[in-house]
Amino acid sequence: MNGLVVRHIPRFSAELAGGLAALGVATLHEAQGRSGLMQPYMRPIYRGPAIAGPAVTVLAQPGDNWMLHVAIEQCHPGDVLVVACATENSDGMFGDLLATSLKARGVRGLIIDAGCRDVAALTDMGFPVWSKAINARGTVKATLGSVNIPVVCAGARVVPGDAIVADDDGVVVIPNAAVDKVLSAGRQREQAEIDKRMRLAAGELGLDIYSMRPRLKEYGIRYVDTLAELDD
Amino acid sequence: MNGLVVRHIPRFSAELAGGLAALGVATLHEAQGRSGLMQPYMRPIYRGPAIAGPAVTVLAQPGDNWMLHVAIEQCHPGDVLVVACATENSDGMFGDLLATSLKARGVRGLIIDAGCRDVAALTDMGFPVWSKAINARGTVKATLGSVNIPVVCAGARVVPGDAIVADDDGVVVIPNAAVDKVLSAGRQREQAEIDKRMRLAAGELGLDIYSMRPRLKEYGIRYVDTLAELDD
Amino acid sequence: MNGLVVRHIPRFSAELAGGLAALGVATLHEAQGRSGLMQPYMRPIYRGPAIAGPAVTVLAQPGDNWMLHVAIEQCHPGDVLVVACATENSDGMFGDLLATSLKARGVRGLIIDAGCRDVAALTDMGFPVWSKAINARGTVKATLGSVNIPVVCAGARVVPGDAIVADDDGVVVIPNAAVDKVLSAGRQREQAEIDKRMRLAAGELGLDIYSMRPRLKEYGIRYVDTLAELDD
Amino acid sequence: MNGLVVRHIPRFSAELAGGLAALGVATLHEAQGRSGLMQPYMRPIYRGPAIAGPAVTVLAQPGDNWMLHVAIEQCHPGDVLVVACATENSDGMFGDLLATSLKARGVRGLIIDAGCRDVAALTDMGFPVWSKAINARGTVKATLGSVNIPVVCAGARVVPGDAIVADDDGVVVIPNAAVDKVLSAGRQREQAEIDKRMRLAAGELGLDIYSMRPRLKEYGIRYVDTLAELDD
Amino acid sequence: MNGLVVRHIPRFSAELAGGLAALGVATLHEAQGRSGLMQPYMRPIYRGPAIAGPAVTVLAQPGDNWMLHVAIEQCHPGDVLVVACATENSDGMFGDLLATSLKARGVRGLIIDAGCRDVAALTDMGFPVWSKAINARGTVKATLGSVNIPVVCAGARVVPGDAIVADDDGVVVIPNAAVDKVLSAGRQREQAEIDKRMRLAAGELGLDIYSMRPRLKEYGIRYVDTLAELDD
Amino acid sequence: MNGLVVRHIPRFSAELAGGLAALGVATLHEAQGRSGLMQPYMRPIYRGPAIAGPAVTVLAQPGDNWMLHVAIEQCHPGDVLVVACATENSDGMFGDLLATSLKARGVRGLIIDAGCRDVAALTDMGFPVWSKAINARGTVKATLGSVNIPVVCAGARVVPGDAIVADDDGVVVIPNAAVDKVLSAGRQREQAEIDKRMRLAAGELGLDIYSMRPRLKEYGIRYVDTLAELDD
């Protein structure tokens, strides 16, 4: 499927995207049963941003950013561009010119399983990138890849139109069809944590709030005053 | 020794802890003969904090943070929680709820040889963590580990009650019985550096301050104007 | 060539250095044909600084910073000190005392293929370092290395007097004899990007600006509305 | 989808499997357009074996091999068991007892994105394993995963019933529906190489066999006798 | 504790050592509650050997093998030499001359958390080594370390006189005082596995042998014929 | 210097090559002052071969083996082909067809700072390769690199015509002009070791053979019977 560009992908509303970004990666990852998380080597080039949007995907060749130009034409406002690489690579496939173009089209940010450069400029212009590396090395435009096909990016499968949520904790992928359900589950989860957070802040223990003591006992937990006691 | 919780550990005064935190990791590591340093992959989730306190230790199973809840009950104000993992793991064992609970008990910070999540929230609430990774992936509560047994964390042995000192340079462990002596040696070391720092700032060379020239000569150092000269 | 110190190296003007620093690593790396880049594991200890200057080189032994003291005497104002290591090592060979000395001599910064410590102090005093690791572990002064011989640092060859340029994107080496030509090529490159940046910001596509469509077609690019279409 | 076991998966004939194994990973990876390759860290525990068969998949929790027991019941003669892990883990999830059970059911081999142990015994009994690590550390049976759901294993997506081919070069995944086509393409590829191999063995150059010279010239290749010549 | 050499360490009989070597690393690691395993990057330089013996320990400086010569004098027939490094290092600290000396003293093998060289010669002479790397780079003799002090080697604590067991699966450490108990527990474990191995070889399932079905049910396992079924 | 092919390089005699191969990497690395060693991640695809010859160098683009075809034409019998990569890459750039061609031209082996495939076939045909990875992933022929220019390969600088020596311990580079001198120094070194090996085999200690005791004493070595003794 090299050299393929798919034009139509499912999208979801900016309202849903806002809801996802507000909940954040850790909560949503839990809310969908601990799946869809990219590997933790994917880090933001600067701290702070939290974004969400439908994925436009790119499968790129190592050291070759030609397909990013092709992909930009397929991006709509609110999208998140996701670049997977055909093989492990950390070249700097993305810099401030491409970011200028993406920003002009209203793209929310970039997820790239390779390198990124011009990070000072990207930070100044406020275009968020999650990447595997910061690397000044440039790339060629010599070999075709594909746009909007399913890819594996940093260990997670991304189908075009899936929701991408990214913040300081990393990047999570939510299947397009599950966005509503996961958002909803995430909100319930967050609601449940408010009460717990207050009780914990007041000094109550998780051991009691979650009623862990009986099960710990059943599993054979043993309290001693000192290790020396064990030898008696 | 799985499923064991030891209640009593030696501690040292907040005053000593303050002294250690002020000297910092690099100085104390030198002062105790260059031992006790955790591996450099242990990094603070945000820059700036410098803490010290007696270690409450946890040996956790991979992908399982159950024992952290058990450990919190054993923490006193001023303690530092140290989490070692039974096997290499970077799951996000620790987040803002556990931090809220630790903060309520006056714990100074967390050292975890695994992952940490909710880092934006932790930064906002000012709870310092040194970890191996930032990772949104959550954990189960299914298998017992132990609390307050000796562990190896990031390559350093930690006995409960040992002093943990952590800052932007990393994390160092000082045996409980050696705290006074190492603090003292650290202060002398720091004192000695003040004079050197001023002389170096004034342009004097380390070569002269430390009288290195004779030993360099003895070891055979050879000065030439250019490499070409060697071929003559 | 152990124990060798070369006194005379070629240098270039502060004006040229200023020009290089202003263009930055990514642009200059491109301008010299994508060569000379150090590996991307070389990272600044704090974000922001952009420096350039002639390289004074050190080949150090693992865990031994003796030759750094020797090298400082060979540094002139405006130089950049480059430390390669005879074998892979991440010990903290460099800290605030050596930085004080380098700063007193007007050295612009340090590139070290090993560890750095006292990073809070270095940040406060504004002395920029690009290193492989942050590591509190100290070093001995027991074995000779060399100063101002050609070295391989983080995968790039550095001949004494070569230009070192370092910023948030990494570190690039430019042969001394090529500084003028590369600076010139870099400026042309930057000039050419200004127009493109404006057109991209206005919404024009790289596909059109760079006339990529015919070549993509020639290489066999294929646009479809949906993947399902392919099965028909 | 935790705790899910799917009973029915598509399979393909032993004859096709034999054909795939004979062609090998490198050829088949090319034949299907350079997709489906697992990351190169997946290595055989001993050299020599070349296997192929339909994938029975497991999604396991880190440090927990419970689901392998569940999966074995779903295996048919000729299958290849593929174990993905919910998070990066190298614990020794698999050893000689599980291998004995798999062998008794006619399973051809194991692909595991985690650790393997008892490798001396596995070598003696001739049960081939491709794994991320050799690791004696045992695992618990405490948390559910799933069997025969789509997984990402070592960077490659595996749908149950897909063909797995593994040899000394690594592991490749071929979608079940594409097995015939890829086998066919692989055979053509192999046929084409026989002639080339003989010509190359006879001393002909790839430059001529593949008619590369004109295109190299078009791309600007330049032959010189010595580098010095360039400076003239 | 630099420059310290401890002469007397506890040892255990050759008979016990033989028993440990016969059981192997995986079984003994389980038998002592899954503790004491070195990290899996420790690999034998050639496959096959299985050894056990009391540990003589060395704490060496990076790139410096001086203390190995000091340690050899402290070795008795049947010992295993364990070399930890003060900092991460993979230099080739050990080669055929040191091996000749160790063999002459009846030492069973070497465990080194650094590099090893002359591996062809070591293989020919049958001296087994478990190391972090194979590396031709030689080392100096310039800085003191210590012999027979407690060390952390590849993530495991080793006290002089502890039992070291090493085979194709890796390296495990058993506290000297626990050798009898662990050997005994290991033998029981092995005995128990003989019956299971025969039942598994006969086609019985672990699910039944270990009575896993009820607990899987309790944890909510769910069998379906196809994934499609779930959407109904 | 992209797209450049240099035709003439210095070579040395097959006799000298034989002498180098017989001495081996570890000895020659020492004999030339511990320089020129490639990083230890360069491993032979099968154990046993020991080769030496003048380097024909290639600078290749990531994922692109076009220049290997160009390089083969420049190879003479007895040469060793050295492939450096413009950026970190582990794609399988080399397989049995290229090996057939190199063998036909009398090339002794391949050193490649990237991946290699068809390793079973390469082993069968006895063509030795030292590589960074074994990887079935194929490459394109789309971008020019260069042949016979100086490169940095696996951390070592290689000038065309330099001697490459490779065996089970790794790969070392010796400058063409230094071959005679290093071979000579290597032979002296080997001669000196014969006597030492016999004395060590007879049970004499390195401490005595190398007269280390006085210097150890001077450096402050301290022998105690037990650690407990220190507390008295």
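Think of it as A, B, C, D, E and F in the order they're written, each chain with its own count starting at 1.
By definition in this document, a residue touches a chain if its C-beta (ideal position, glycine included) is under 8 Å from a C-beta of that chain, and two chains touch if they have at least 3 such contacts.
From a predicted model like this one, the values you see are computed outputs, not experimental measurements.
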Winner on C-beta contact pairs when E-F is weighed against B-D: E-F
Residue-number overlap at the chain B/chain E interface, same or different (half cut): same
Centre-of-Cα separation between chain E and chain C, whole angstrom: 41
Inter-chain centre distance, chain D versus chain E - centres from mean C-alpha coordinates, in Å: 30
Shared-contact residues (touching 2 or more other chains) in chain B: 34, 86, 88, 90, 137
Interchain contacts, given as pairs of chains that touch: A-B, A-C, A-D, A-F, B-C, B-D, B-E, C-E, C-F, D-E, D-F, E-F
Residues of chain C that touch chain B when the two form their complex: 3-8, 66, 69-70, 72-73, 90, 92, 95-98, 100-101, 103-105, 115, 117-120, 123, 133-138, 141, 144, 149
Of chain C, residues touching chain E in the complex: 61-64, 86-91, 137, 140, 142-143
Contact set on chain C toward chain A in their complex: 24-26, 29-30, 34, 37, 40, 43, 47-48, 50, 167-170, 172, 193, 196-197, 200-203, 205-207, 210, 212, 216, 219-227, 230
List of chain F residues in touch with chain C within their complex: 1-2, 33-35, 39, 86, 88, 150, 152, 155-157
